[in-house]
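Structures incoming, each one as structure tokens.
Common to both upcoming complexes is subunit A, partnered first by subunit B, then by subunit C.
Right, the complex of A and B next:
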């Protein structure tokens, strides 16, 4: 029977051969992002930039497709064993860049490393363990029935356990995760992904070569070489595309959308996004922010519509909460509350009529127009007598500052990793707890155990309607308390030359699947 | 008192300087333009429709309005607004003031240092001369912009950006002044070397005057004309240096923009329709530097003894 099957598969492979030939990777793609990956260790930081790298040089067990369903990647199939256990079958014959073969021991290694990572451990908190059945079968187990198990599996990019084990010459463990430091993993990489990193000069240029033994032979991708150049200046990045210096750019600044649309040699792809851009008000650094009235005053002083209309050129949806429309936690009744008079009154009631001085920090190459948004917000706060000392930094320097919580107001954008509202709360508003990883990106140090408990309860609620109700209540309570200052959901835009077929590989997560990219 | 001023004015009117100024149309026009710019910069708080430093007056809804005469313009903003909603006219007036202050301030600092070291080196000679001129040589081998970038970055890192905003203007004067003093010092030294061999210096020495008096009261006045010429050119250079530093993000902060930081802030928009944010301050900068340089040229021609006495 097995022989028959092999023969059958073999003949299929032969039949598919002409197709595979036509998809032979020969093309070179020059692309420009606003920034390059800050490290090569995909578990060091949970961010859009790192996930983009993960999808280039690694493969997840499963991944989101355009319709927000799941595509099988390294996991060939999966089935529920009971309401707390999911069994995955691994694809056979998958090779890492180092030549090692992928087995369940690599998945186990990766799972354990994720549990160690300060950025990822909160996402994997519902999981209690991994059961290895054989070389190609394993089970993921959660403590409670967990509705988002598969969503979370999109974050498991198996690492080459052999490559990342042992010690370096100076005696460090190769598996160590070092935040903003230098470790073996932050400078070396071995995954199963379509592209091997061949050279990297941080902040200058990064080169990728297509992996010769890439398992996914059905992929239509025909890009052999990728050169990634970070270009921070919006205008320069767009000019590089229009002049033909690069083939693909992201993000496209809202001011230049028309210019690119008008150009007949380029393609523009836009999507309405789900990434929330917001400010945290740090209560540990500023006494006044402990007062809910002051936080509300700030919330009333910020003109979200103005920012979305003018700075983002309508390329964003103004937000009064974290969950975008369509998410279970999205609460229809929460409205934008821009009202300077009310804000001034609140400051007066709180006893801060004469205002105070704070520091504000924002990246200048992470989110679309991030530094300009921060500048506009600083001007808006001047109306309620809050003087802002604004500092904008490139993201490679911003994240260490963010982790140290070194600004009184800090800008952050967040895309729910699990495509679910609970993820926003867990990372952005939960009481910070280094052990569980909760509130890992809560730079406001806002802490409301009741809301945390509510979200935790929602997380194990399998009745979707009840769950949505709880999450919406959480949004409501944070809104009333002005726990943070939401600004907008940022839309997404990419642009490329006409011969680069972008549309099929893009998605609302802003993770271009470059391995499947076709260049004509 | 009265007679003194009258006679001084009469002296100016009889001078060769005034004579050649009256005959040089370029010099007259340049002077009028420069005077107009300096006056409007000095009186910017009176002339400007709004105070661009007061963030509370800015409304984001007014951002990127075009100058009057184009469709969509608002009469309240004659030259349009920038990306944050600031009135361009007010911002340019205040920006010119900042640029001019830095230009003049830096040159005054340069002149003080340059004249002092130049006189000492030229008059004392020997070891003093050797040491001072080697320091000048070393400093000239660094580019001004590089020195300014390093010092500026250190300042910015150590003071924080709010504090930096308050002292930025003095710091830029300090940086640019410090970086360029050898230019003036060398010119002064060259003139002093020529002057100190002359009879009037010997006469002063014989009369028993002290070195200081000879240096500052006798030799210095005779070396002033090249200092004026080089000083004028240096003002233009200092303004350009400041604009370059601001464009690189190391100069004036966005909240108190100079012409350079204004140009930078509009750079993202230049190809997407809102050209005025960069172009208008750019034009003002070009005109300002141009008239100063034209005046400098004229001054050089007039003050060069070989040209008018020969």
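Right, the complex of A and C next:
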């Protein structure tokens, strides 16, 4: 497989050589993430790391900008034909790394492959088809009016259909998506993106070279070569930056923020993120949690600001709801409600003045300081006489426990793949239903059909304002009901040497657009 | 000799069989490998289908029989994460670990013998006491702490401004205590020389050698004091023995006595301990490799555990078991060479 890749890359480099001289991109960037991409097949897994690779070696039809709006990329323009159809116009003259030209047949191929991918098929479920009008025009069709059509289009990174078609030497289909074992696509790549993969040693290093025929000539990016090294250990990653071994690192651990700020040769960029960290209160396991008063008491007993300040070192934004600011469902009027007196009163009213004992579970290596957050929450609950028996587990062991709902309170962090509030409700608070998959991560078994109906209605409302109102009302009702205990949105942090101009290419999705990166 | 080797080979098989059984038995405790393979929003049915495809829904003994059958044909399975045969993954990571161990062993050999011998010959000298003191400190500091300190001192650099800079002596002291840094703090560097197969070596370029410095020093830091103390103690004992007295009485030069007659007998137990420690050193590489992001087997193993990459974990444990058996066999053979009175099993005296 590697031979194939190098052979392909080799021929690429030869073809690109004369052009590369005239390109203005000259800088080399050494960067360290906490992990490298698990595969070269961007449809194999839906994860932050894979999307970061997608933005380096591929281009989406449209992409999010800093203000959570959309920028045209491979789609030049788009218009709604009717409430179920959106027509896109493709950019002309875009070349893949293989030299093939991008047309609608590549988009169709990509769309169909996405529908096959186990990680992506849920996101593309509302879509019923793709109509190819001509080489540069196509339409995406949904079953119902779908307000998130454009959000979803940010996941369409056209693949080189010619490159991924046919069979390999041992008779495997090149288009096959393999979750385990290797496939053609997991070791070979041809996209339209700014960087060509020139070598890859999984878990060790990955090298990229700027694509000489990259279509976006307006891009200010001047990075010619990228060396990506995965450095899992936080301390080592920070040391690598401070010692000058790398130019750019992400993520930056909260404990080292000050150290990097103090260093005069490095820049730190932080942003409030969109991943909500929260607790579910399991009503099936604990009778008391069926009582809204008890749930509210818990909500009043938890000091989100305290956790954000003391445990997260200010590296989190305290939350009173799931939707972060900027999302359509974000309800400004929902305030943090830490008040121990009120919490004690509520427990008294509910008849649980003497409290009770529950179990709590949390991962200890999944989210930033996850186990410490759980410890703090357990201590806070002691003040309303709820005794907590806390168990923290590594993530590989935690999720099977989570699926089995084996704790009375379980911690989870969630990032909406669609960058939209409805996703939070669908996975975290919908009435659990094994057939439809609704409420798959609702470990509280909280069930409020009215709120579910409201969100479902919002999901076919294409008027953005009306839709936002509905989602905000849903947040309000869950807040009043204390359906879950929100804690905070985890902040994001990146750090680089001073000459690497990070700020313009970063966003809350944590997808650095490295193609546009300027290094002085 | 042949009987000895046959015995060792059958031992190796037994060891690997037991290890694979244990590794299989604990796999349920390691967690769900699927968590690393699929995104959060993948439905339970999809997960179950994938589990079926991978054979994870079968009872453990069925899985073990399937594994053992393949293993007998030399196939130790495919790593979930790397998507490649586990032995190939290990082969790719093995050279980095071996180079780290070789580098650390060289440091240990070069320093432990002279220092140990010196401390035995002149136990009361200031320098001996100094080395013994340092070695106590070295043996008590955990290897990851040593590593982090080394990185801070020699990679990042420390600026000391404790003393008044406007005075000559203050500036001099500040300068003397501050370090520049600049040594590589992670990985194996850009210039590796391809030797054969999966072996890319860092021994043949200055860049590769510089990258080896800090990891090897911190790995050696834990073993070096141990060997110094061991050589010193053994040497002191040998120096008391009768044949050394006779040699002295005979009027041989002290250099000849110390380095030819005494040292040879000192080295016997050192070789035994060294062989066992070499195996243990492979275990210590896990910590060193993690801190220095050294792409060897230790780091690979640690990551395999967090990802519950069971085939890779099983294969790693079996390979390490094999390494232990092989090093012990080699140690026994060397032992026979150094001391002809030692007999290998199965050979009549």
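Note that the second predicted complex is superposed on the first by the 299 of 520 C-alpha atoms of A that agree within 3 Å, B and C clash if a C-alpha of one lies under 4 Å from a C-alpha of the other, contacts with A are read in each partner's own complex, and residues count from 1 in each chain.
Quick note on the criterion: a residue touches a chain if its C-beta (ideal position, glycine included) is under 8 Å from a C-beta of that chain, and two chains touch if they have at least 3 such contacts.
If you're wondering where the values come from, they're calculated on a predicted model, not measured in any experiment.
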First, second, both or neither for A:46, with subunit B first and subunit C second: second
Which of subunit B and subunit C A:357 touches, first, second, both or neither: first
Touched partner set for A:235, first subunit B, second subunit C, both or neither: both
Which of subunit B and subunit C A:220 touches, first, second, both or neither: neither
Larger contact residue set on subunit A - subunit B or subunit C: C
Which of subunit B and subunit C A:376 touches, first, second, both or neither: first
First (subunit B), second (subunit C), both or neither touched by A:292: neither
Contacts of A:145 with subunit B and subunit C, given as first, second, both or neither: neither
Touching partner for A:245 - first (subunit B), second (subunit C), both, neither: second
Subunit A residues contacted in one complex by subunit B, in the other by subunit C: 233, 235, 239
Subunit A - residues contacting subunit C, complex: 32, 38-39, 45-47, 118-119, 122-123, 178-183, 186, 201-205, 227, 229-233, 235-236, 239-240, 242-245, 365, 393-400, 403, 414, 417, 427, 434, 437, 440-441
Parts of subunit B lying in touch with subunit A, wherever the complex brings them together: 54-56, 58-61, 63-64, 83-85, 160-162, 165, 254-255, 267-274
Interface residues, subunit A side, partner subunit B - complex: 233-235, 238-239, 253, 255-256, 258-259, 303, 306-307, 309-311, 357, 359, 372, 375-376, 378-380, 382-383, 387, 389-391
Subunit A contact footprint on subunit C (complex, rising order): 29-33, 35-46, 50, 53-54, 78, 80-84, 92, 148, 151-152, 155-157, 181-187, 190, 290-293, 295, 299-300, 303, 306-308
